[in-house]
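Each of the next two complexes has chain A plus one other chain: chain B in the first, chain C in the second.
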Partner chain A sequence: MKKLLTIGLAISVLVACSKGSFKRPSSKGKTGTEQATGNGEGVNGGDGSENSGENSPAGLNLVWKRYRALEDGLMKGLGLPKNQVCTELGVHSCIDTIHLTVLGGNEPYVSGQYERVHSPTVLTAVAVDRVVLSACGRRLEMDRTAGTSAVVFKHFPLSGGAPNADQVKAQATELYRRLLARDPEANELQMITSFAGSAGSPDKLALSLCFAIGSNAENIFL
Partner chain B sequence: MIRHLWVALVVVLGGTSEVLATVASTAIYCQRYPKAAGCESQQASCNICHGGPPSLNPYGEDLAEALTGPIDQTLLEALGKVENLDSDQDGVSNIVEISNAGAPGNRLIKPETNVELVYDTTLAYKRMKSVYCGQSATYDDMQRLKAAADQKAFLHTELQACLDGTYWRNEALFRLADKKIQPQAALGFGGNVVIADYRWDYRLFAYIMSGDRDARELLSATYHIDEAGNKVEGQIGRQEPAQTGQRIVIGGGQPLAANRRAGMMTTQWFLAFYTMFATLPRNTASQVYREYLGMDIAKGEGLQPVVNEPRDVDNRNVRQAECAVCHSTLDPLSYAFSTYVGIETVRALLFNSNGTYRGSRAPWEAQGQIMGQPATDLLDWADKARNSEAFKKNLAKMMFSQALSRDPMPHEKQEFDLLWQGLPADNYSVNKMLHRFVDTTAFGGRRP
Partner chain C sequence: MKLQNKKFNRRDIFVAAGGAAALGATISGGKIFGQNAAAERKYIFTICAAGGASVIDSFLAQATGPAAFNNLVAVNGSPLRAVPPLQNSIQGAIPLGNGYSQATFLQKHAADTVVMTCEVSSVNHIIAAKRAMSGDNVFGGRTLPEAIGMQFGKGLSLPNLMLAGGGYALHGDDITVPESYRAQLVSDPLMFALATHGYKGVTGNLGPAEIRGARELRRQLEMVSRFQAQFQGSKVLDAYQKNRDRIVDALEKGDMVTKLMLLDPTTNNLSQFGFQVSADTNLVRGKFAGLGTDPYEQRLALAFLAAKNGLANAITVAPSQSPQITAQGSPNAPIAFDWSHVDHRGAQNAMWSYILKGVDSLIDLLKATDVDGDPALGKMWDRSMIYIATEFGRDKIATGGSGHHLNNGVVMISPMLQGNKVFGGVDAASGLTFGFDPVSGAPDPNRKMNERDIYSAVAHAMGLSFEDRRDFPAMVRKA
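Now for the complex of A and B:
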């Protein structure tokens, strides 16, 4: 599992570096002009108040895709029912309950959270990774069982020999369309195919692709 | 580092009352810079000098160094001393920032002339789907957008579908109402000590904020919305009987006479929860002022002192100068609420009296003022509130922040002003305002 995560993170970084708009938001090293003009990447930081008037160096012009839209994207993109996306202990919804706050929601009635956080917290990335990996893993198992009727992971066998470059490109294109709503660019496909050979078994490659593309900043910040 | 130590030392040795800002400080600031951001609407607040009180931002630190005595006495002079500095080191001097809707203590906010963005329909569409539909745009969605002969028209058609959808009406608008209603499960319907049923509040809010309805009804509606989404006129009884024992149920329904209602500010929950047992419902008045007019008295916003106030009608010792600076506005603001019951016990158990009107409850009802105008009773108060510029601005700001998770920036001022200024022409429809909003570069702009 640790190896799998490492692979996923590695490919995530690779993909992120291949396209400017993919870059994770950074609070360091931006000029005042970039920040002031809203040309930076990321969303607001600061003290957690939407009305503080103090904006973070992370950029001023991106919109955080919060919990419900993130969940919707995974449900539609991976063809999963709501209760299959992610649960903790198989019972508690990751989106609606366990990780709600750090995914941008709030629970007012019992928890007394009358406001949502206005920017991602330090735990948001962890929660996004958790949810995306869970959804990808669930889809992978469903498709493994479905065999030739697989819905998402259908471009190469999930067990056996390594897939060829065309199969990897087809699978990556499928995931880009499903999770990022666009076709991949040539350099993105090239990077993925060059990585595929070292990704391990076909099912691990499939999961890594799904995780890397689904947890990409492009799927979190608009 | 030396600067930080200096400030800390002064706080410790000099006492906080001399160094830390009072609400009068913002008045002095606005007196010197009437065109500075926030001053035109009396909303200049703590973040001019503070990152988050009590910490100072760079401009606040420079001001603290320039003070030569008690802040209320030497601030005016200190303001002049730091005008030519560039406290936040963003390349623009403090005075230029202050004079051009910048923020002298925030290096991210500069005068509006430095920003250049172009509208991107694709970006706007993705954001629209996320914010108003709670959905991720799909590949098919993007292909349909790309193929549309008129992409803007496509965007607006899809937006309307979102605004009519269940996510917006039953989830997003509910979350927008949380801070206004502040529910507590233990005190609401089905709770252990039921003082009122806040489900009515959520339904009323979502109803008025959707469907092209006049948003001013937030402070004027005389009806309520039942669970099926239908309007209910007149008084509404409890849904579960009054009881004591393991559970206590003294509230429920909407017992206030319709001719005494003013929308969200007179629901049983609002009056019971915010007024509670107070003779003079300051908390209730300040919550309306904060949430529906955008002015938080605790932050020194919206202070409009009334002569000879506070009279301290309920003997709370608020006449002393430190209290009077806010209470000279807050107490007159609260008088009109004083004839509305908060929480009662036996009478509530027997007659469901929480949140009802009782003219004999206090003698100050007709003595109040709101935003410099006399208010003869709460209905008059609400009328002045919902027809004010502050109401319009707050409504626009609320929707702006809901979508973008931030306040408008200086370079967006013109677009933002058009948003709230256009409300009367839209008959105060939030939906129509949102259609205009998604067309702004604030919503769909990106670097050229």
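Now for the complex of A and C:
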């Protein structure tokens, strides 16, 4: 009986190894967090540690690109000076003051916020949208004025007829390289050219592409 | 300390069942409605009397003992006492205090006001502040705002708003609390409306339809990217995308950017950027005259608007740590109540007046406002709790500067409490407070209440149940 059990166990192990069945937990279905509270209205982003990988399976460590890194990326990617990235009401810095906290900074003197939040808050995405849209819009206007000397939006005219597919792909590639530091995949380009047909005028298409790529989660986490 | 496991009980299952029902709710008009969500709404406004607010320098002031006053005011036979405003100054140079009388507050609100004596467990500002919010982890590490938000704030986009800092703003230690019930920090209350809309007022913006299209493109690009495939299962990524795709939409549809707009249109280019002021601007400006310059009043105004407009139900407000110095002087002390180290009586007197004047205005607004704009649901005040949280007490003295002291009491104001009462007592010789019997309410010199008791009392009055809750039937007003 003992021999049978041992053989059975050995066979089981061999079968498991051959199937390569050591997989990461599926992300589908409820997490332990949702099971605990039964309330999926808000989603918990982790245990509050700086590194979200503390409770994540191996290989899923992500670092949040906080306010200064986000700003630097937009400045360098879109060729903008700091004061052109984003201001509220034309006066107040989005990054340094208005949205500082939700973008990962802290204001200790007036607000008494001695520590930064550990992970993106519910309002972080709102601020990201505003900052990226502002930066993209500013670059668009600068390139519209620059005409043939445009820096970023130079692959199709920003007014006039709709760009062709190659022009859209070239512009998308430019934005991927500048904002995500890589070339787009074929399926991503296909998605973008499909979108282009319904995006409206060329300048709105250009701005939409910049916004969609710049506010992509891939640009928020490292 | 992180609590990795939380013991579940019937109450948790009950909450989970209610939460599961809310999951099936729909988004409408910017709010995520569950069945009867507004009907079940209750509000907690935690006012952070930061720095150590001594209750024997306000409603529990004594005529005898080491911290005696010789000019106490009795109000309509109430056991609560009032200390008149002092003629005081900061270092003899800057007049200090706003002249608001504690007696005025009691004349209006004594019926709903209680003092609960206590002796806390830390004289460290950060630790003590956190324990004031978490009840020293009596509810598994959940802070009061987190717990009240989860229980009575279902369907709200940002149930727990934090307009305070330091230890009051720290998240609780219960890791099962969803992100949307964690304290959402607000840096600048006047600008907060801008944080609730992803594109309004942004120069060169796309219209709503174009934004929807661009966001959908973003979502689709994310779904096919190698980044997404690589990090599928990351909690932080998952949370970010889900919160972005759900709550941002609710905020924009609810037009919170307008409802919460407190900026003065005469000095800000609101119309140029497509913004409108809140319909309640005149209402709050009428109550908070210092709205343009005083952070405390700005925070109170935002707290009211956020609650009124169905954004939040657990809101924490603190005064600024900086004095608001004008030609007339300053209404508040430097470093709030902690200025007591330099000038105990002056700091306490000025700060209690400062805190209570703001709370007075907030209560007036809550009394005048229907829940969810529906007269059938009654006034917001009927469902509100104001908890004046503080870290600790001060030395029991009448002159000079005072240090931190564990012994103190807290003030709570709510129609859900047996108001116009002192729960506990004061030893005449030492000035130290002592506790009471939670059932009968009778003073008990051999007993001291602590942070767990304070948290439990608030919870009991509001109908928040959890396994380790201590009951305080003497404090709870019967329906």
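For this structure, a couple of remarks:
Keep this in mind: the second predicted complex is superposed on the first by the 163 of 222 C-alpha atoms of A that agree within 3 Å, B and C clash if a C-alpha of one lies under 4 Å from a C-alpha of the other, contacts with A are read in each partner's own complex, and residues count from 1 in each chain.
Assume contacts are C-beta pairs under 8 Å (C-beta built on N, C-alpha and C of every residue); 3 or more make two chains touch, one makes a residue touch a chain.
Owing to the predicted nature of the structure, the values given are computational and were not obtained by experimental measurement.
Shared-chain residue A:Phe221: touches chain C; no touch with chain B. By the touch criterion stated above, A:Gly161 is placed in contact with neither chain B nor chain C. Touched residues of chain A, counted separately for chain B and chain C, are more numerous for C.
Contacts of A:Ile98 after superposition: chain C is touched, whereas chain B is not reached. By the touch criterion defined above, A:Arg177 reaches chain B but does not reach chain C. Look at A:Ala212: by the touch rule set out above, it reaches chain C but stays clear of chain B. Look at A:Leu89: by the touch rule set out above, it reaches chain C but stays clear of chain B.
Look at A:Leu70: by the touch rule set out above, it reaches chain B but stays clear of chain C.
In the overlay built on the shared chain, the residue A:Gly112 is in contact with chain B and with chain C. On chain A, the surface patch touched by chain B in one complex and by chain C in the other comprises residues 33, 36-39, 43-44, 47, 52-53, 55-57, 60, 64, 108-110, 112-115, 119. Taken together, the chain A residues at the contact with chain C in this complex read 24-27, 31, 33, 36-48, 52-53, 55-57, 59-60, 62, 64, 86, 88-90, 92, 97-102, 107-115, 117, 119-127, 129-130, 133-134, 137-138, 140-141, 185, 187-188, 191-192, 195, 198-200, 204, 207-209, 211-213, 215-218, 220-221. Interface of chain A with chain B (complex): residues 32-33, 35-39, 43-44, 47, 49-57, 60-61, 63-66, 68-70, 72-73, 76-77, 105-106, 108-110, 112-116, 118-119, 177-178, 181-182, 219, 222.
Listing the residues of chain B that touch chain A in their complex gives 45, 47, 51-52, 57, 89-91, 103, 106-110, 114-117, 123, 126-127, 129-131, 133-139, 141-142, 167, 171, 175, 178-179, 181-185, 188, 397, 401, 403-407, 409, 411, 445-447.
Contacts from chain C toward chain A in the complex involve residues 2, 6, 8, 12, 15-17, 19-20, 22-23, 32, 50, 126, 150, 154-155, 157-158, 164-166, 169-171, 175-182, 184-188, 191, 194-199, 201-206, 210-211, 213-215, 217-218, 220-222, 224-228, 230-244, 247-248, 251, 263, 268-270, 272-273, 295, 318, 320-322.
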